[in-house]
Amino acid sequence: MSTLPLLSDEAADAEARAVFDDIREKRQTDYVNNFWRALANDPPQLAQVWERLQQVMAPGALDPLVKELIYVAVSVTNGCEYCTHSHTAAAKAKGMTPEMYGELLAVIGMAAQTNALATALQVPTDERFKA
Amino acid sequence: MSTLPLLSDEAADAEARAVFDDIREKRQTDYVNNFWRALANDPPQLAQVWERLQQVMAPGALDPLVKELIYVAVSVTNGCEYCTHSHTAAAKAKGMTPEMYGELLAVIGMAAQTNALATALQVPTDERFKA
Amino acid sequence: MSTLPLLSDEAADAEARAVFDDIREKRQTDYVNNFWRALANDPPQLAQVWERLQQVMAPGALDPLVKELIYVAVSVTNGCEYCTHSHTAAAKAKGMTPEMYGELLAVIGMAAQTNALATALQVPTDERFKA
Amino acid sequence: MSTLPLLSDEAADAEARAVFDDIREKRQTDYVNNFWRALANDPPQLAQVWERLQQVMAPGALDPLVKELIYVAVSVTNGCEYCTHSHTAAAKAKGMTPEMYGELLAVIGMAAQTNALATALQVPTDERFKA
Amino acid sequence: MSTLPLLSDEAADAEARAVFDDIREKRQTDYVNNFWRALANDPPQLAQVWERLQQVMAPGALDPLVKELIYVAVSVTNGCEYCTHSHTAAAKAKGMTPEMYGELLAVIGMAAQTNALATALQVPTDERFKA
Amino acid sequence: MSTLPLLSDEAADAEARAVFDDIREKRQTDYVNNFWRALANDPPQLAQVWERLQQVMAPGALDPLVKELIYVAVSVTNGCEYCTHSHTAAAKAKGMTPEMYGELLAVIGMAAQTNALATALQVPTDERFKA
């Protein structure tokens, strides 16, 4: 169903397979999900995205669960089906409870509503909000 | 510049003015921002949005700062200038540090990039991601 | 501020000026708005868009005001500042009352909220909704 | 396929079941569609959305069919598959004829095209369009 | 699964069938794809879109493959599943190599990321970028 | 107007200033545009984006002007004002003629229109378009 084949380990070249191995090791799983198998058709791009994702999602001033909630919010707003599923699953794996998920949905929905209202009304930005 | 006038306290009707007063009291400020002054042209809608916003953004399983970061992420992704400014300011007021902001931006940008790649490749959702 | 100059009647070529004249006549106004003056840099495209717009917005099974409300809803959802302003103004000119406008905003906001929730939850389409 | 289970009447708690009953009564149908069964995992949110939807979609200055057409337009523009299907079905149920539907699609498509052109050209808003 | 039936040649009326025949002749194929069969429910709209598409995608200052790459980029960014598939297939048919496709994806992803960053930061447009 | 100050060379730290110098050298200009001066508040992110942008936009299977046209198309579709201006200016600098620009706008507009129609109709993807 994808525009390029999802590459198995056998079909992937050495550079892509090395990324698959790294994903399995870092995530302590046997499973490499479809996004990576589709990206593997362009091994340097696969390597770049995987490398950057690890940097961005690492613990920092924000903890990994909070980052994952933000990732879900962006994915939903962009209407990305795959990403909504994969990052919702990742958030659950990182400890998102049903209560947290309910509140996440409520904030996403509220923001969508007020974004639409502010855009419809073309509300000018208050001077005090500017840096 | 808005499609309806921003109503001053004097121009607003009693129902809208009561909401303005409630905003000032709950937020402990003298300032009512433009979004509410534009919405005040339709007092019941103003009251409904303000009421709901307080419920959604109240402390719960997620803390108010995390909710605000999610609000910023949705507002940016929807391309809402007003909301991006107002919720970034709100996040700063709730304690968002420069380090947190840098990480928030990095997650938003990374999600936008991978959302685009997953959509372009039309990656099918892995069975294991489904509930 | 536009990426191409807004062409005055003098700066526009004959094909573009003929469209300007037709706009003034059909709309019974002396004013040609900026969208057309920007499009005039590509006269055949200007003529095509103006021609098509008249067909689409003409009275039919839906009346012109309803079409204009739909146009506003799409423009807001696409985050188009220019179009939100111009079509809100057009809707007012065609008879949109403050009550209608309040209800239009409420529907746009509600739809934005439930769109986000349905996407977040990845709700499968009910069989009965399919043609 | 959804991120949370679609709750049957038996699986839903009392608060959610009361909303299901209210939906059946108000809509005079035995059928509760998937959106509500997914939302039922968070009963207060289910109740809030259902309550608000009834207020927003009730007859007013705009009739229910016009509101439904606007709902379709927003849902399409947001790329929401579920909502496009459910609100197109609702519009048909409220009397949308094939002619109306053809005109609705034409306006949505035209608006999408001119929104893109106005954004590409960054056309500045005419002074006269501002409130 | 579509909101209107996909019309076979037999089910389509004479005006729609004439467009189907023209598609087959111009594209030198026996196949008429689903988009046209859905649009055929509104024959004048089918004819208008097909006519305009030929004008827009014809060789000009930009060659047809470049136009098709741009079409893919817009379709991906709008989150249109159908259009992403159909225009990616069209680009392959017009000579898009795997290397070109990899670079197209990289540009789309990079643009999505920097668009999000510029919007999040609300960067003011440099004077020198204005026409 | 941005959410963070635009950093001058003096205000930027050494890592950010090194990127500014690299931008000036690679682009053979004295001018560093606002996007980089805003990103400079987070020097590692500035360095990462600048580095990646050079890789992505370098001549390859697609030439730099074609990549820039694609960048404009994505930026317009995402509704990013800054990016639309900056990449339209970049495309002009790389040789985009008025004829090319007119055709770019026509493709973007056409794609926006047909994306909306395909989504509204929920057209199922033809089997032959799948990889």
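Residue numbering begins at 1 within each chain, and the chains themselves are lettered A, B, C, D, E and F in the order written.
As a working rule, a contact is a pair of C-beta atoms (placed from the backbone, for glycine too) under 8 Å apart; a residue touches a chain by one contact, two chains touch by 3 or more.
Note that the structure is a prediction, hence the values are computed from the model and not measured.
> Chains in contact with subunit E and with subunit F: which ones?
Touching subunit E as well as subunit F, we find A, B, C, D.
> Identify the chains in contact with subunit A as well as subunit C, in label order.
Shared contacts of subunit A and subunit C: B, D, E, F.
> Would the interface of subunit B with subunit F count as same or different, where same needs over half of all numbers used to appear in both copies?
Interface between subunit B and subunit F is built from largely different residues.
> So what's the Cα centroid distance for subunit C and subunit F, whole Å?
27
> Based only on mean CA positions, could you tell me how far subunit B sits from subunit D in angstrom?
Chain centres of subunit B and subunit D, defined by C-alpha means, are spaced 22 Å apart.
> Give me the residue numbers in subunit B that touch at least two other chains, ranges are fine.
1-4, 52, 74, 77-81, 84-85, 88, 102, 104-106, 108, 110-117, 119-122, 125, 130
> So that we know how the chains sit together, what is the shape of their touch graph: line, ring, star, complete or other?
complete
> Name, in rising order, each residue of subunit D that touches subunit C in their complex.
Result: residues 1-4, 6, 31, 33-35, 38-39, 49, 52-53, 56-57, 60-62, 66-67, 69-71, 73-75, 77-78, 80-83, 85-89, 97, 99-100, 102-104, 106-108, 110-126, 128-130 of subunit D touch subunit C.
> Which of the residues in subunit F end up touching subunit D in this complex?
72, 76-77, 79, 81, 84-85, 88, 104-105, 108-117, 119-122
> In their complex, what parts of subunit E are in touch with subunit A?
Its residues touching subunit A are 79, 84-85, 88, 98, 101-102, 105-106, 109, 116.
> Over in the complex, which subunit C residues touch subunit E? Could you list them?
These residues of subunit C touch subunit E: 1-5, 48, 52, 125, 130-131.
> Provide the residue numbers of subunit A that touch subunit E in the complex, in ascending order.
Interface residues on subunit A, with respect to subunit E: 3-4, 41-42, 45, 49, 74, 78-80.
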